[in-house]
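In order of appearance the chains are A, B, C, D and E, and numbering begins at 1 in each one.
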């Protein structure tokens, strides 16, 4: 914590960055994302086990886009998001300094992309045992029950799009659901509209999701939609040996192929 | 509001015998947006087309659905008719109710319903068609000929003689190809080199032809009329502009024990060499792998003896970029080596050779000066066995096809052998004698009847060596399939003609398709035999399938004709069914996010990065841009784009969506 | 040493006319710490020409054995008899490629055959589980000139078995070279021994097997090495007919490859069943094993 | 009640399967009339959203078919499609969407017979499965109600 | 109408819910399922969660559902046949055990839907809705009703307000005719009561600012940089608007299936970028800060000016739901002292 503050303060004091993205105390006993531009503000900066928001999200927001250079307090999820965003031409290495923090909360200092890649590979994967258990539970259900499970699970969805808004990988200026003529995904939050929306989102994240679980955390009605992506990430790693968030130069699984991709269902 | 006309064709009785065309027309008339619907006996006939033309004018149609045969058949016909009536041709769609309906289903309500549904789907699609302008592109009137065998030579000369520029690229140090290796040619038994060499010289001397030997195609970009080709000119270590071809270096080279490729390993050559005496160009190259200097850093004898001071040890590969308008692939074929045949000893018996090796042995300029001497001990074989169909027509070997030339050359070989070894016996094992061709059957007959080649109809199951003889075990199917065992001195396998080893890689560079045997695929087996599926790229010779010399030459002249037709125009029109990226007003500029995940999926490298800049030149956004000249319209990028920022004319998201949506109403 | 447990299908021959094959397989397995578990309640594999007459039966007989092996929780199944191996592998191939037949056969045998089993012939068994252990356990070099005889069933049809090169197989040669043998190149490696006529038309056996034995002998082989009970029977038991065909008496003995390995491992000749052979196995004077023998690993899958 | 006649939509590429289906016609091989063919330039163009859209539009079964691997007119569109389908099938399975109703196949321009077989076998399979009620209810009946 | 004061035993609530149900009314009340408390249809009092401070979502979906059919249509060859919604099919609903802020939310919502032209569907739903609220015993850090003219025992918006005054008894204030109708129908469950001072029985929530000050300050703050500052961490989702009892923005969507179609109304949020996006691609509220400003201005400036109602009831739901901890009370306080 003190080390983080020290690095942050120095970066600002020595004019190495214009902006630091981190956390501060929030309302009640929450923490919240915060932005620091002056060394003296760094006293407000905190980092603790509650700082789990994937603040890589802000790299694509105005505040960070305007800054010429910035630093970000980055746990492994944020680091992986940064690498994935970089691979998708969304951020440039020269603009960003990564203050790496392990899942245990240990500061590993400033990381360039090369070091970030190493760091990302050594850190454990994000998936939680309870999520894994839920995936297995669902997979064990008979077909119709699986379908009904999801229809029910999505039924509280109000299409507030917090999942999309808080996902660093959902940076499209115009989301597919906002594309009309044709209207691919029904906008209305009825059961069908919800099912198609979440399926489409999972497909769009396929091979790109870094499994931070932010979508689930942000969802005001607690839909376990992160497991859709978890499940696909697992599949894609197994099937194509492809894993998002590990390399700054990377082509996601659905934008490449090998002539020997193995399936067993094409007649 | 859309004003769609629907035209239902009976196709004589091809459609109407199964589909109730008047009923389909009646139902279609009630589809929203349809203002005119009619059925007629032959829509593609003149009166039929006139109906379309008149209806467009009379009913002010904004779109046309012709419900008839496959669009692969008559789409151009009806698009032309629309254009004639002043309707943009791309506002015409075809509903396939013949190949996909009347010909494959029984008469009945279900089939009628299907026809109706198909028409409805196309009506919904055509409502959303965009008027498109065909794309005009300039034509670079230079042709690239890849491969300098007889096909390449013929194509290059014909194109050059039509007045166009030609660039020829040959992988080996000399042009000439396999034909230059042959001894005599069937069915006339004239000397191969005697007829080929003058043509080779002509290529070298034609001012319209630029020849690159010892060179390979590195990459090809672009499209018909406008290809950019990078050619790798491998370092010959000899300055071609200075060398006078005296050949002194090749005689002085101390390292003369290198297996000679031209002689198929049966002769030797030095490290600096000209492949054969009549080579064009007559410039030696240094084989860097075997050259003593390149291996040890010492020697340089060639440099010392060269009067012209032409040796350049520091020469490097050179990449030359050329612009061409058309490409002729004339890369030829290869033959399977004898090690392909486990039952014939996996190539371990020295006296089993392939047909091409026999050609060299029979050639007066070959390693034995045309004398029959077997490789193992130089003895003259008294008993020789020719095995036709060695690999060919054998599904178990993965080569189902007939290699076509073997029957003829095997007959020729048997004759040549008999002409040289009068007391020898020549056996030929064969499956069938395929001698269709002018004077071909007469030729094989001569081999049997006059030269006494012993033809045995049957296959050779195995060959093994025992006590210095090759035991050829086969069956004579005309003699009760009895086992035949011949103790031979030498065996010649007419091994299968196969694609060049580099064919697949070249096909991928050129984006042309190839069959499972890696032979290049023609666009249509009958009607487009020298075209590929990629516009502007043509095929001649045995790179397409095994061919003999006359066929290769005919195809090459065909290609030259096609290319000359292409070059007769200054501009080309292309189908405008290509992808494009959404653009909109600032500050968005586009819904494209610049993730460029579309870029790797494009097979044509048509997706570029476009910088959106403000007036001061500062970068605002980077967007995908699809080069309309390069895009071939596969649409893979469309499906990959998450924000639906890419769409493709002819198959837009909207068209496909509503085509599917139209299913519901049945 | 961790004990390896593998499924085992001896089949009828190995219980009868080719007991020494069974004995030698068991002996080397035991010596090298491998437990071979026989399929409980196994039945005949149906290896005759029956598959030409009744396809369902010819698939069901092996399928039942395979299903039983799966039920017993076995992952690999060692099938030393080449004929059994051929039927088993063919059955697996056919059922996995024909769902209708698969269902039908499941119905006939009243069990569900899943197709998860790996079926190994004796050479595959040796390659996978024996060969690596040889260096540490070998006592004698098999310093003899041998002709490895594969016969028809071990490598054909290649499309189904996908094992070794059909026309010029090498796997046995590699094993024998590893034992220190001089494995010769000869002409009759995969020629038919006439097994189909073993009883009914021994004259044909005499001719077919005669050529095999003669060529091996002619090229100076001191032993024929086989991996199939049928081949062994013909080449060993039909020696009178063979000699009659060749017009001379040939004394070259015929050994199962497992017997050869057994000898190299120093197992007693009687345990390996050598005394049961018709042609006396005189081979002795084996050199004590001195150093690891490096054998160049030939590419042994057919490339087409 | 008359027998259930499934609605099957086929998404096919122009160069292989569409041409293959043309060949089925030219060869006069009969197959079920329950299929409706939608032509695309390439399987690479086929958006997975169109597949769910087809179910939502009342389809009971879907065929997706294109050039065999290595045969793609555009060299690689079918390879990308194959990956996309692998992932799409996975998510569909996970979400309880009945992938038995989606048949993927490679049918070349020369495989007229295979095309007829694919259509017929799909038709039989879907007949066994019955109408895709759960999806139609969700996507259409519930919404229009 | 003058408030009628009554008492009702806690034990009678069970009968009340049951009898309301049997009379054909649909009773909606806070129910906790999978750790989430939201309004749901109940048939017995046991299902109800009386303890939660507030449901995640407000009660607004009872009159303004997240998706609602406005009409259906059928396209013919040359026409469109429109079928209106049958208003008589709209059920009578009781919103039970919501908080005073839930009830208060219906006031600005009603103003949005009925102030100039009257939205018949909304009006019918609201007319058929009776609201029986319960005063708040507890509050959390996000509650700020007292700053926006409300209170934990505020009666406005409710038809009946219950306040727990003992372990066994609720004090019931019958506020409107609709409330009286319920009282009359189930009079046996109520007992007479004098006026009770509710203050000791309800939560204490400090007033942090006043709506008047906010309204006044906003007049000069349109161009202020405070919006940039406050909206910095906003992720731009619609959670705040969708859980807000007073947010009434909606989107209209036609969903067509072949020739049949329906027109849907579904929730929309001014926080979304696309909310004001023009066809041309131009967006007058291009930045998130502008959208945040719109949210505050609408609730505290435009709505009071045009409809004489503030668009915020201080329930704090938006702050609780916000993925990036945008606390509206904190931001309003900052505006008040600017």
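Quick note on the criterion: a contact is a pair of C-beta atoms (placed from the backbone, for glycine too) under 8 Å apart; a residue touches a chain by one contact, two chains touch by 3 or more.
No experiment lies behind these values; they were computed from the predicted model shown.
Between chain B and chain D, the least number of touch steps comes to 1. Contacts with chain A and chain C are shared by B.
Of all chains, C has its CA centroid at the greatest distance from the CA centroid of chain A. Among the chain pairings, B-D comes first (most C-beta pairs in contact).
Comparing chain C-alpha centroids with the centroid of the full set of protein C-alpha atoms picks out D as the closest. Centres computed as Cα averages put chain C at a distance of 82 Å from chain E. One inter-chain figure worth recording: chain D and chain E are separated by 47 Å, centre to centre, where each centre is the mean of the chain's CA atoms.
The multi-chain contact residues of chain B, meaning those touching 2 or more other chains, are 588, 601, 640, 653, 657, 661, 663-664. Annotation for chain A: residues 173-174, 184, 186, 188, 190, 254-256 touch two or more other chains.
In this structure, the chains touch in the following pairs: A-B, A-D, A-E, B-C, B-D, B-E, D-E. Against chain B, in their complex, chain D makes its touches with residues 5, 7, 9, 14-15, 18-19, 21-26, 28-42, 44-48, 50, 53-54, 57-59, 71-77, 80-81, 84, 116, 140. Remark: chain B residues 588, 591, 593-601, 622, 640, 642-645, 653-654, 657-658, 661 touch chain A in the complex. If you check the complex, the residues on chain D that touch chain E are 56-58, 140, 143-144. Across the interface of their complex, chain D is touched by residues 70-73, 96, 98-101, 103-106, 108, 110-111, 113-114, 117-118, 121, 508, 511, 513, 533, 577, 601, 603-604, 632-636, 638-640, 648, 650-651, 653, 656-657, 659-661, 663-664, 666 of chain B. Residues 165-168, 185-187, 215, 218, 302, 304 of chain C are the ones touching chain B in the complex.
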